[in-house]
Amino acid sequence: MGQIELKQVTKSFGTTQVIPPLDLIIQDGEFTVFVGPSGCGKSTLLRLIAGLEDITTGHIEIDGKGATDVVPAKRGLAMVFQSYALYPHMSVRKNIAFPLRMAKLDKAEITKRVEGAASVLNLTDYLDRRPGQLSGGQRQRVAIGRAIVREPAAFLFDEPLSNLDAALRVGMRLEISELHKRLETTMVYVTHDQVEAMTMADKIVVLNAGVIEQEGTPLELYRSPRNTFVAGFIGSPKMNLITGPEAEKQNAHTIGVRPEHIDVVESGGQWQGTVGVAEHLGSDTFFHIHNTGLAEMLTVRAIGDVSLRHGDAIHLNPRAAEIHRFDAQGLRIS
Amino acid sequence: MARNVTTQRKIITTAAAWTIGLIIFFPIYWTILTSFKTEAQAINDPPLFFAFNWTLENYAIVQERSDYMKFLWNSVVIAGGSTILGTLIAIPAAWSMAFVPSVRTKDILLWMLSTKMLPAVGVLYPISLVFVQFNLLDTRGGLMVVLMLINLPIIVWMLYSYFKEIPGEILEAARMDGATLKEEILYVLTPMAIPGIASTLLLNFILAWNEAFWTLNLTATNAAPLTAFIASYSSPEGLFFAKLSAASTMAIAPILILGWLSQKQLVRGLTFGAVK
Amino acid sequence: MATKASRSAARTMMTPAVILLLGWMLVPLIMTLWFSFTKYLPLRGDSIQRGLEWVGFANYSRFLSSSAFWPSVQTTLIMVGGVLLITVVLGVLLAMLLDQPMWGQGVVRILIIAPFFVMPTVSALVWKNMMMDPVNGIFAHLWRFFGAEPVAWLQDASLSSVVTIVSWQWLPFATLILLTAIQSLDSEQLEAAEMDGALVIKRFWFIVLPHLARAITIVILIQTIFLLSIFAEIFVTTGGAFGTRTLTYLIFQRVIDSQNIGLGSAGGVYAIILANIVAIFLMRIVGKNLDA
């Protein structure tokens, strides 16, 4: 079990309120990702759930039981930190065993669980090393091992992949997703990387300045962003947001169209411009286009290799059905 | 420095450094050397640097006159006891300041340090009255408490600066792992801070060992440490150079050896963690 | 990482240290203050049990008007200032020398650090007799060797002699801290300055010295704390004679030698005030410098 419910939770540091009243339900077994730009309060929110920070007002319930005044140790949650926070003076074995030792489990049970976790995480050969002798990816696995042996109600991840290099990050992303599929335990995952959010989440919670801008499945957020913030944040490269006459033509203050929803045509396109930078990836080509009269720069993704170069004129056709419209407040017009 | 240094320059630097080093060390060297001379050789003109009959008789005489082992033991007990006591009190305090800092933390730290500025002589009489009242005069326990109080601010400060280098996330991890505060400090913080705690213990042991105001003024015979042992040679008998040297050597040898052995940790400790 | 629980735990865990130090500060301070307003001469039969005679500010004005007071303040400041100046200047030079590549650096370090381990009573005795004795001291031999008349250091140049002894004790401390600081100086910074055409002196002035500012502050702070209460060195060498009577020593004489507790306590209050002036001054600088 691991349902987490936040009711009217606020957090202030001194006189600055970093989280205005916020309600959120994280369902049992759900993989929830908090995503947002740095300083949006996503890590603070996670630490409130963990109990590492006090909430200023409101309630937190874990599995229907009030957890607001429960110390972190007693909430039944496990956390994986950004820096992994391994105990440098203990071997991998002792690191993983630490929470069990604190729970006063007997030795045989501890050994069994530690070795079980080690074999799941491919750490068996490293059990007697110190964290300092491990690579970044291995350390990450130890941190995860330390979390799973406790069989917690929920896992909390605080930007766990941000210290890994790009290749490892993709691998660990898959491992964590698989772990979730196998354990079916609630996971709350904080990241500023929307690709991680899109690939891993059952539910994404987009945060901005402590406020939940939108929550929903990755595709819900992609298909119908509730406002311009979510529209700009979810999806890569970013959605093009256009204001002015072109938007007014569509009875909107702002229109948004994703780079992959603009087609490059030979001539006679609805929009024209000149190519600034062209990024040829082989499978795709990204164009950064100037002088369209619509926005300072448009980003367009073409499938395959399109042989336009810097300074070339380009003709574009947005797909009408894929245009998102927003009002003056930035809210979606449906 | 990533550059080629000419051998010539290195020779000059070496010569200069060694000369200065030897000059600074000379008084100690001279004392140790003299302690092995006879009194006549000790005041020989010109001074004898090598050619003399080495003798241990001064050490025998000093030992006969005053029971060195008793003073030594008092020094060990008083310095060791006060340091350990201080550290036990300082660890929780330093934990608080390093990991749960508040707006007042820095003020408290500075206030603690400022208690060290309280001129000892200004409060000597009141303290001796308190000592008389509680029968602490000339006891090791009383002196241990006083030296602990004197060094407590430094111990707190040093531990604080070491603890601050330990990432808070690791302690939070321990908390998430179900550790109580006691377990967090015992199993996670303390083992991680061992090098820092060791150099704190060392430096404060040395400071307590060499403390010469309270140890001279609050002891008579029973609890007198080595500072008092050597002070008894400051009378005109001190003119017996060889015996004075032997006594001096006996008083400083233990801490000199300890200091040299632990030089690396000490240098770090000496800087109070404030200079990296 | 601050929750209500951890904050209250923090307060609890700080309490023993704070209470002990508060007691250590307040109890004697209050007693000293009280004594300073009374006539308290234990040798003439005054005692707390029998009640002390309240004399108001008499002790204060007497201590202040005593011919020994101002010279003792002056001596204190000269001694502290002199030692600080010598140790910091020599410390910087020595640290820069030791930072250079050389053979046997470890041994040189051991030689230089040694005085720090020598207890003040011993170093005072050794210097007084073995080095500065006008007949048999090393200096006397040296002076005679060059055909000069040996100097009675502790009588004729007493204050500077004491300053020398104390500087010898504290130079290792200054040198080692400054050396640690110099070693943390990024050599690329110096090389960049060299590329920019800065000469040795300019490099020292504009890069090395600012880099050392923090370390120098620490040296000054720590040393001042210890230097203000210098006792053994004076007790052993001159007994406060020949212009080496610091405020600390003057009070010591009033309290212990002449057993005038009231007068000594008034002096103690002055010493506390002086120490506080110095402390506030220092804390300001240090507080600022330690923020980083």
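Here the chain labels run A, B and C in written order, and each chain numbers its own residues starting at 1.
Note that a contact is a pair of C-beta atoms (placed from the backbone, for glycine too) under 8 Å apart; a residue touches a chain by one contact, two chains touch by 3 or more.
Being a predicted model, the structure only gives us computed values, none of them experimental.
J.: With centres defined from CA atoms, tell me which chain sits nearest the overall protein centre.
T.: Ranked by how close its C-alpha centre lies to the overall one, first comes B.
J.: Looking at contacts between chains, which pair has the highest count of C-beta pairs?
T.: Ranked by C-beta contact count, first place goes to B-C.
J.: Please indicate which chain is farthest from chain A, where distance is taken between mean Cα coordinates of the chains.
T.: Relative to chain A, the chain whose C-alpha centre sits farthest away is C.
J.: In angstrom, rounded to a whole number, how far apart do the mean CA points of chain B and chain C lie?
T.: 16
J.: How many angstrom between the C-alpha centroids of chain B and chain A?
T.: Spacing between the chain centres: roughly 54 Å.
J.: Indicate the whole-number Å distance between the mean C-alpha point of chain A and the mean C-alpha point of chain C.
T.: Chain centroid spacing, chain A to chain C, equals 57 Å.
J.: On chain C, where are the residues touching two or more other chains?
T.: In chain C, 1-2 touch at least two other chains.
J.: Using the touch definition from the top, which residues of chain B touch two or more other chains?
T.: 172
J.: Which residues does chain A have that touch at least 2 chains other than itself?
T.: If we look for residues of chain A contacting two or more partner chains, we find 52, 71.
J.: Of all residues in chain C, which touch chain B in the complex?
T.: 1-2, 6-7, 9-11, 13-14, 16-18, 20-21, 24-25, 27-29, 31-32, 35, 48, 94, 97-98, 100-105, 107-131, 135-136, 138, 141, 144-145, 168, 171-173, 176-177, 180-181, 184, 187, 190-191, 214-215, 218, 221-222, 224-225, 228-229, 231-232, 235-236, 247-249, 251-252, 255-256, 261, 264-265, 267-269, 271-272, 275-276, 278-279, 283, 286-287, 290
J.: Could you list, by residue number, the parts of chain B that touch chain C in their complex?
T.: Answer in residue numbers: 1-3, 5, 9-10, 13-14, 16-18, 20-22, 24-28, 30-31, 34, 42-43, 45-47, 89-90, 92-93, 95-97, 99-100, 102, 106, 108, 110, 112-127, 129-130, 149, 152-153, 156, 168, 171-172, 181, 206, 209-210, 212-213, 216-217, 226-227, 230-231, 233-234, 238-239, 241, 244-245, 248, 251-252, 255-256, 258-260, 263, 266-268, 270-272, 274-276.
J.: Once bound in the complex, which stretches of chain B touch chain A?
T.: 167, 169-170, 172-180, 183, 187-188, 191-192, 194
J.: Which of the residues in chain A end up touching chain C in this complex?
T.: Checking each residue of chain A against chain C gives 51-54, 71.
J.: Please output the residues of chain C touching chain A within their complex, sorted ascending.
T.: Interface residues on the chain C side: 1-5.
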